[in-house]
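Letters A, B, C and D name the chains as they come in the text, with residue numbers starting at 1 for each one.
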Amino acid sequence: MMTKTVAVIGGGPAGMEASKELAFNGFQVVLLESGARLGGHMNQWDRLFPNKRPAGEILESLYRNFPGSITVMTETNITSIGRNADRFILRTAGRDVIEADALLVCTGFRVFDAILKEEYGYGIYDNVITSVDLEQWFKEKRPVLTSHGRVPATVGFIHCVGSRDEKSGNLHCSKVCCVTAVKQAVELKEKLPEARIFCFYMDLRMFGLGYEELYKESQEKYRIQFIRGRLSEAFENMDGSLMAKVEDTLTAKPLRINLDLLVLMVGFLPSDGTAAIGSLLGLTFNPNGFLQPRDGHLQPHDTEQQGVFLAGSCKGPKNLEETLADARSAVLRIRQYLTN
Amino acid sequence: MKIEGKKRLWQQYQKEIAGDRYFYVRSCVRQNFFPGAEAVFLKIMQDELGKDVYENPAHTSCTGIGYHCDIVPFDTAMTVVARQFSLMAEAGYENFVTSCITSFGLYSEVLETWNHFPEKQEQAARFLHEATGRPFARPSNVSHASDIIYKYRHEIAARAQYRLVNSLTGEPLKGVEHIGCHYAKMFPSKGVGGAEYPYVLVGMIEEWGGEVVDYPERRHCCGFGFRHYAVRANRGYSLSCSRKKFESMQPYKPDFILTNCPGCPMFLDRWQYVISEMEGKTYGPGNEGIPVLTYEELAGLVLGYDPWDIGLQVHQVSVEPLLKKMGIAYDPDGKYLGPGGKYLGRPENPANIYFV
Amino acid sequence: MPRWGYKIHEDRQVIWEEGDFSLVERIRLAEPSLCLCISCGTCASGCTAAQFTDFSLRRVIIQLQRGRIEEVRQEIDRCMLCGKCILTCPRGVNTRHLVLCIRKELSGDVLY
Amino acid sequence: MYYIDYDPFVLPFTLGVLALLVMLFWKFFQWWDKLQPEDRIVIRTGLRSGKLLAILKEVFLESLIHRRMWKQNPLQGYMHMTFAFGWFMLILIGNVESRIHSGVEFNMPYYPIFFKFFLDSNEGLPFSKSFTFIMDFFLLLVLSGLVLAMFKRVNAKLYGMKKPAKPEAIDRIALTALWFIFPLRLLAESFTSAVTGTGGFLTGNLGEFLSGWLPARLLAYPAWWSYSVALSVFFVCMPFTRYMHIPAEVLLIYLRHLGFKPSKTYDFFSVVEVNSCPSCGVCVESCQLKSSLGHGNIVPAYFLRGLKKDREDMQAVNECMLCGRCQQVCPVGIHVNDIRIQRRDLLNKQVVFNYPYLPPPDHQKADVVYFAGCMTHLTPGIKRSVENILKAAGIHYLFLDKEGGICCGRPLQIAGLWDSARQLVESNQRLIRQSGARLLLTSCPICLKVFREEYDLRIPVMHHSQYLVQLIEAELINVAFSSREVSYHDPCELGRGCGIFEEPRQLISRIAGLQEITAGREKSLCCGGSLGGLSLSFQERKRLASDALKQLLAGQPDLLITACPLCKKTFQPLSPVGVMDIAEFLYTAMEQKTRTAQPEVLINCNETVAVL
């Protein structure tokens, strides 16, 4: 019997983990990645919640024992997907043609473009950054300074930027931003022990084990202050610091606070790849634009298209644990499909 | 402040502004408090730019004030609006230009309602017909008068006799701009530059040589608030709102405030006087106030019109300090003389604020 | 001001920087569990004193953290120190001691 | 005509005694200042009261024999007795001996102490053989205690202690001086007796032995000097050390016999109690904060020492759970709980809580008023069980705080806030009185104690564990015995606080097999939930509770029974076996037929009281 081939679309953690497992299960794997390197968002991340584990460790373990039999194609964009009987024929922008017996879509997410939340002034005010920017600073070991080169004395983390916000077009909760904010606040406090750090939140959704503990530690040990209230708008003061207006909903009073640095916790949106591949394959999108499996509970990897499977955060916001577990579970489903 | 960030945003909020053949509707408030402003607009449009601007004496209030004071129902407002459009169509015009920001907001709101709820448009047409027998029509373009001035800011700059530059130091004059809430906060896409960082007035100031300063409470309401002002006991809210803005802008030492709404210049101007009377506080250098101008008045100054011809004498905060900075020659004795040298009378001298 | 018929209103907006945070800092040293409060309101909902008056320890803690000492002063002395809230607080805040510390600080007694 | 025996070496001793006396008077004068005028009269006239004999007897038994210490720990009792009693006898008999010898009533104070030095021979001395024997005997007694004391420093475990109380520098100096006194006396007397032959079985023989190889005549004089200096050092240090307890305890016994008790404020009596602490360290082992959390500084030995020296340890004041275990074992009987509350009162002098919002009483009447208490509302099983039992027994009762009541005031009192508590006490008192009840029943031992001690109710106040036993005995309810084995935890406020140990045991024994545990009754442990402790953190409380549970469940019972909502709530989340209040336990054991109320058998008021 000829070895069956699976094309894995997207080389982030889900795609890499699934490719490895597929290869270990004896399948030919073609891993297609539109970017220059594998690893996805993990490449931009410094440390992970809740235990501040270096993201590099995860990347390293994803690369470790990466079977040579996997055909990795980076900087590859798929332009069309056709079918010939049970086989898929993928054409790329580079005019490559890939044939596969099954497709696994691991196209993941992108973060919300904070510029769209105009009133927060990202890209306009000097000292407004996103959680991704801050993580990049951490990763590059850049000293945390304001644009004027000062050590910030007050820093505000704004939760739910682009999430749970119909005005931004997104109804969903991005799930991981709450704990990310707490993690980053703690890391920042470690670097700037004198700074007063605030988290402005609507709800704190500490859904994972160890998250609530981190939250508690952030209050007790790092004295991060949590203020329930969503930022309505931010303004720039003469000195470049920011004036934030929130309602302190627990005192039921509008609150004005000056912050030297404002960090926007940008949420999860379906990646461009998720949108493009979903359209090429004619898959169903859920109201938030993520890909909809046939049955969220019972057939979480199956789609309306036979032979096309889903894994990872192309289906919706997920933390890394869930993403990797989902990838491994998708492999089981594909093996079942291809061996029957 | 990253200006390129703002510019990127402004590019997303470019609206279509008709170029000529305007049907002009007036503002209830401005006709009374700053009558010169509308006159200057017509003069610039017709005399300087040679545009066709038509006014129909039969047009009425848009009912926006009543609507926002909760005393005119929306259905009534829609019918009145439909009549204005009908007048425009009757005169053979398609481009609707409003002097008032609240009118602009109301016209936009009505049109959007009709777009989303066609049955409301049908209803408005029916009501219009039943009430007046007029045919129903819709404009192809609705612009605010400040959009038009913005559109022709380069032409005005080309004819400018004065620039927004301190004639002694050569430094650009610093202006803060205040956009009426109903201009873009309801429909950001209908304002030049959007709602958060509107460009319509910024574009004029920059084009005419000045520098815009942004300040934390820029987005805050001027304090009109309709019901807040309309009921005397509530006027304290209105006053407090304006004060909040003055307190916030004062550290930036603005030379003038530029507005595009009927209520805003009114309150930003008059409340400076009231605050000076109540608390002795003034916001300009020394005991001066910060002069407040409408965009037409500013355009008029730039074009070299006589300050008293464009009605600057009716401002509560004396504009003379600004005129001096711009190097505009004016006749101090002519301030209170109306057409034909007729003495108009002058207000009582305030206790604390500089007044000429 | 009869001449105007209206006056300038004080802003309801709380300006963070105007808060007095010295009290919360001193209290925190005496009772570090203060930081653990998540404003869930369990303390206030079962409060013995709250049956008779609108005393809310949750509100007191929030006002303390916001540096709003006057608000704290206005209601802190309604507590009966019965300690029910210690038993119900999900975060293990030593609520009873916290109240005593606040009261002590505001009365001018020595706080450790 | 007689001449005064004198040698310069007596000077250190004499000056030391003088300094001691001055210091003692100075201290006493300071304490006296704290006294109310009426109390001063009581103290002045006390000596003339008929209580003198009883006082002397107790001073003898406690200060010299150390009876309570014997009971606590015989080895320690013996050790303390040898020092106190032995030394006292040496002084007493030495005085008698020297007076007989000199034949005059007045002696220089040093004379009996250094008698042997001035004695050339025993010739002509009446009863000299008996005296030398007795004196040597008591010296030997003291020396035997000294050996034990030295051994205690090396190995405290033999004395039932992990460690003796840690002495401070000045205590060490006094202790060293004390240890030197008696061996030096032995040496001095022995050397002298080798020359004069005045020694007894101890000093004489030792003198003879030493003079065989040492120049006794030469060494005698320096030995007397050293002896005098050691005494002097001890006396000068004494007022600043734990040995101050020697005079203070005598005063304390005197005061107690005159009816002095701890009050709400830190007063004369408190100061005498504080100074009466000998730092024996018995309390160290009793403290759970020490054993579970290592917070040793809060035990009375150190807390009181701090107070004595005006170095109050705030942690010791605020952290203590007021469980009373230390007080229970204190050989001096110091009311350390009261002292801690008095200190809290002082620290919170300006703190006032105000309750103008309390509602006026309504006018419901009943035979029995049931006051569940704040905490019981968090354990609804307890109040429901009590109510169901009362209904089943046909008691006409009023549930005073059914919808939540006013706090009893005890939590404020134990924080030292007596004035604030007064407002609550008065409010509740009005409510209870207007009900016309003949009995007040409570489920919370914390409330029980304050109802009994601070309220003026003029009716019996009972905890449900007492009352329910009476209902069973009156056969108003029937219970079934099950073969379950249970362990009972005595709540601090119920047991040590109110002396209620028996009734809960009687009740449980009717229902199930009761395991007695070592940490039961007076030795009962604190659950860790106590309101007595102010500043202890949640985690620390949990550790106390876990450690206590280990002991309570040592016999592997099927259930842990307690009689306090706070104890139940504290143990429940940590206990591997079920935790029940005694009322809940009783209700589960009630026979079905009596579990439903019988309205027609409602007993009238008189019968109810007869039941009680």
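Note that a residue touches a chain if its C-beta (ideal position, glycine included) is under 8 Å from a C-beta of that chain, and two chains touch if they have at least 3 such contacts.
Computed from a prediction, not measured in an experiment: that's the story for all the values here.
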| said: Can you give me the shortest step count from chain A to chain D, moving only between touching chains? | reply: 2
| field | Chain closest to the assembly centre - both centres taken as Cα means | value | C
| Any idea how many Å lie between the Cα centroids of chain B and chain C? | 47
| If you average the Cα atoms of chain A and of chain C to get two centres, how far apart are those centres in Å? | 39
| query | Quick one: chain A and chain B, Cα centre-to-centre, how many Å? | reply | 45
| task | Select the category (line, ring, star, complete, other) that matches the graph of chains linked by touching. | result | other
| request: Check the chains against each other and report every pair that touches. | output: A-B, A-C, B-C, C-D
| note | The answer for chain B against chain C in the complex is residues 232-237, 239-240, 243-244, 274-275, 278-279
| field | Partner chain C, residues of chain A touching it in the complex | value | 204, 216, 219-220, 223, 225-226, 228, 245, 248, 250-251, 253-258
| request: Would you pull the chain A residues touching chain B in the complex into a rising list? | output: 115, 118-119, 122-126, 233, 235-238, 243
| query | Mind pulling up the chain D residues that touch chain C in the complex? | reply | 314, 318, 347-355, 357-359, 374-375, 377-378, 403-407, 411-412, 415, 417, 420, 424, 529, 531, 534-539, 566, 569
| remark: Within the complex, chain B is touched by chain C residues 1, 4-11
